[in-house]
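One chain, subunit A, appears in both complexes that follow, with subunit B as partner in the first and subunit C in the second.
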Partner chain A sequence: MNPERWQRLLEDVTAIDGVRGAIVVTAEDGLVVHEAAVEGLETGDVAALASVVVRRAEAIATASGDSEVRLCTLSAEKGIVIAAQGEHGLWLVAVTEPDVELGRLRLMLGDLAPELG
Partner chain B sequence: MRVLEPWLAEPLGELVRESSARLALVMTSSGQVVGQHGFTRSLDVMAAAALGAGILATTGELARLVGSDADFGAVVHQGAQQGVWLAGFDTPRGRWVALVVFGRNSTVGLVRMFFQRFAARVREVAPMPMPDREVLAEGFERELDASLRALFGGG
Partner chain C sequence: MSDQSAPQQTLSFLDLGERLRQRGQFEAALSVAQAGAARYPTLAAAHDLIGRILADQGDDEGARSAWLATLECDATHPGALKGLAFLAFRRRDFGDAERYLEAAAAASPRDTSILTALDRVRSMRPANAPEVINIDDPVAGLLLLDNQGLRLAGGLGTGRDEQMADAAAASAAGAAREAERTARLLGLGAWQHLLIEGDSMRTTLLPATAQAMLLVRRPATAPVGRLLAFAARAVQAAQAWLGNS
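And then the complex of A and B:
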């Protein structure tokens, strides 16, 4: 995939009301591969921490005999972080306000994440 | 964890804890060790400090050769089981270097993030340098011994 296509994909996610940023992250090393975010969102920090959550979730899934993790949702008082598994160890991560249209966003991330890679 | 000066203990401890580092070394850009975590032999620390400072100096020169105004910031070596993060940062005491060795339970991104916080915290809490003193031959060995004891313990 080329960077222009990634950019369009991320812009599709950030077009949803309440989404503050969308980031393509490598779970293996917790780095930002591509991003579209509002100013002030520390995407590097989000990528680093999201990769930890994803890896822990994968470890839990393995330990409990479940299949692979496809989607991780972290809800907090002031926002939500959702990570959807893509190809080649890439994850599509969205950072949102608490009142985002969560159902629509989850569907979109699930559809778009496999297009990474 | 061992530090040469007590104020370094809290930021270095946080870096090690939060990034799940296996080993950590903080040194001046000339390779003098000011803090370490995880090393058990002084010889290993001295070798790692010299190599780390050397690698950073080399990459800085490489950056200059390819036309960069500043150095590369950080150098990462990533292996199958562990990685090494090596980066310089400015402090009130001059430019220092941190070397962090991390395993598969951490990531480059995580180490990078907590290294940035560590560097900011060091800038915040580091006291200003003491005025230069004359180093006398009779005091040199005593001070060197004191530094080694602080970093490795023992009598």
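And then the complex of A and C:
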């Protein structure tokens, strides 16, 4: 575990236009492990809610006989919550505006999340 | 399920049948393959061999039956899925061909021949020919469910039975509730879709009406933007289905 490294990862994510904030969370219990530039959001709420959505997504994948979930994206009218699986039960979560460069963000999270841990 | 109890010697009839097929001795090859399939009726490879022989003979209906029998033994048999895609391609049903190839690619993600064929089929489909949407087709990868997690129509796609579809519907209703709650509590407004991505499959869940939602499942080879665009069209079809049911 390297908080300085996590900080760099999170700063890379929040550097993308439209990203309101990024946090590292534990999927099992929804706790905030590290956070960066989360404007106007309670990071504890984001972590708890995102972890529940991820677990529900995993339940769908399991019921469907699919492999484990790597990326989970909740898209809503006014924003997006996107979570990428890292190591050791950690997930990299970003909260964004609805018009974020989603293609770039998806790729970045997919690349960075495995570096957690 | 494949016949795990078939002894190693069964490979000899498969090898012989395949050699005869490659030499163009189709009748002899068919005789060997059918004898093998009669001896080991749950051996997927035997039915697959029959499918290839019949396809070589131009008996597309017979080949189709053989490959469907293969899938009954092994729901993700790549040879049968490729064979069914080939038959669809031959009758210029590019949508069906693509669907079978996507299933084959999900079963064998590192088989470049499948990915190449998939690219070719996609390039053959006219740009203005949208994928056919059939909510009632259990192998179309469209699952319509109500707010209580009960399946209304459709299924999870090739290789997934009704029990799995029911279980997925039950899980999806819970996921939809959490998606709605999360979007609301974070001040993000109404939820639009939940996209779930794994190594082999991509699934999206989205509201269809106030009382129903739709789960769309595609292999990971399907581009995300295309999946979401298709899902949006499928919601319209689901709304029509609900209005007519």
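In this text, the second predicted complex is superposed on the first by the 114 of 117 C-alpha atoms of A that agree within 3 Å, B and C clash if a C-alpha of one lies under 4 Å from a C-alpha of the other, contacts with A are read in each partner's own complex, and residues count from 1 in each chain.
One rule holds in what follows: contacts are C-beta pairs under 8 Å (C-beta built on N, C-alpha and C of every residue); 3 or more make two chains touch, one makes a residue touch a chain.
No experiment lies behind these values; they were computed from the predicted model shown.
Undergrad: Given the superposition on subunit A, are subunit B and subunit C in a clash or a fit?
TA: fit
Undergrad: If you stack the two complexes on chain A, which partner ends up touching A:E115: first (subunit B), second (subunit C), both, or neither?
TA: Once the two structures are laid over each other on A, A:E115 reaches no partner at all.
Undergrad: Touch test for A:E87: subunit B only (first), subunit C only (second), both, or neither?
TA: The answer is neither, since A:E87 touches no partner chain.
Undergrad: Name the contact category of A:L74: first (subunit B only), second (subunit C only), both, or neither.
TA: A:L74 contacts subunit C only, not subunit B.
Undergrad: So, does A:D66 touch the first partner subunit B, the second partner subunit C, both, or neither?
TA: In the superposed model, A:D66 contacts subunit C only, not subunit B.
Undergrad: Can you report the vertex angle at subunit A, computed from the C-alpha centres of the three chains with subunit B and subunit C as the arms, to the nearest 10 degrees?
TA: The C-alpha centres give an angle of about 110 degrees at subunit A.
Undergrad: Give one of first, second, both or neither to describe whether A:L31 is in contact with subunit B, with subunit C, with both, or with none.
TA: first
Undergrad: Please work out whether A:V53 is in contact with subunit B alone, subunit C alone, both, or neither, and reply first, second, both or neither.
TA: Only subunit C is touched by A:V53; subunit B is not.
Undergrad: Mind working out whether A:D45 is in touch with subunit B, subunit C, both or neither, as first, second, both or neither?
TA: A:D45 sits against subunit B and subunit C alike.
Undergrad: Is the number of subunit A residues in contact higher for subunit B or for subunit C?
TA: Between subunit B and subunit C, C touches the greater number of residues in subunit A.
Undergrad: Which value, in Å, gives the least CA distance between subunit B and subunit C in the superposed three-chain arrangement?
TA: 9
Undergrad: Let me check the overlay on chain A: which residues of subunit A are in contact with subunit B and also with subunit C?
TA: On subunit A, the overlap between the subunit B and subunit C contacts is residues 45, 49, 52.
Undergrad: What part of subunit B is in contact with subunit A in the complex they form?
TA: 78, 107-110, 112-113
Undergrad: Would you tell me which residues of subunit C are touching subunit A in their complex?
TA: Subunit C reaches subunit A through residues 156, 159-160, 164, 167-168, 170-172, 174-175, 178-179, 181-183, 185-201, 203, 205, 215, 217, 224.
Undergrad: Spell out the part of subunit A that touches subunit C in their complex, as residue ranges.
TA: Result: residues 41, 45-46, 49-50, 52-53, 56-57, 59-81, 95, 106 of subunit A touch subunit C.
Undergrad: State the interface residues of subunit A toward subunit B in the complex, per the touch definition above.
TA: Residue positions touching the partner: 25-26, 28-32, 44-45, 47-49, 51-52, 55.
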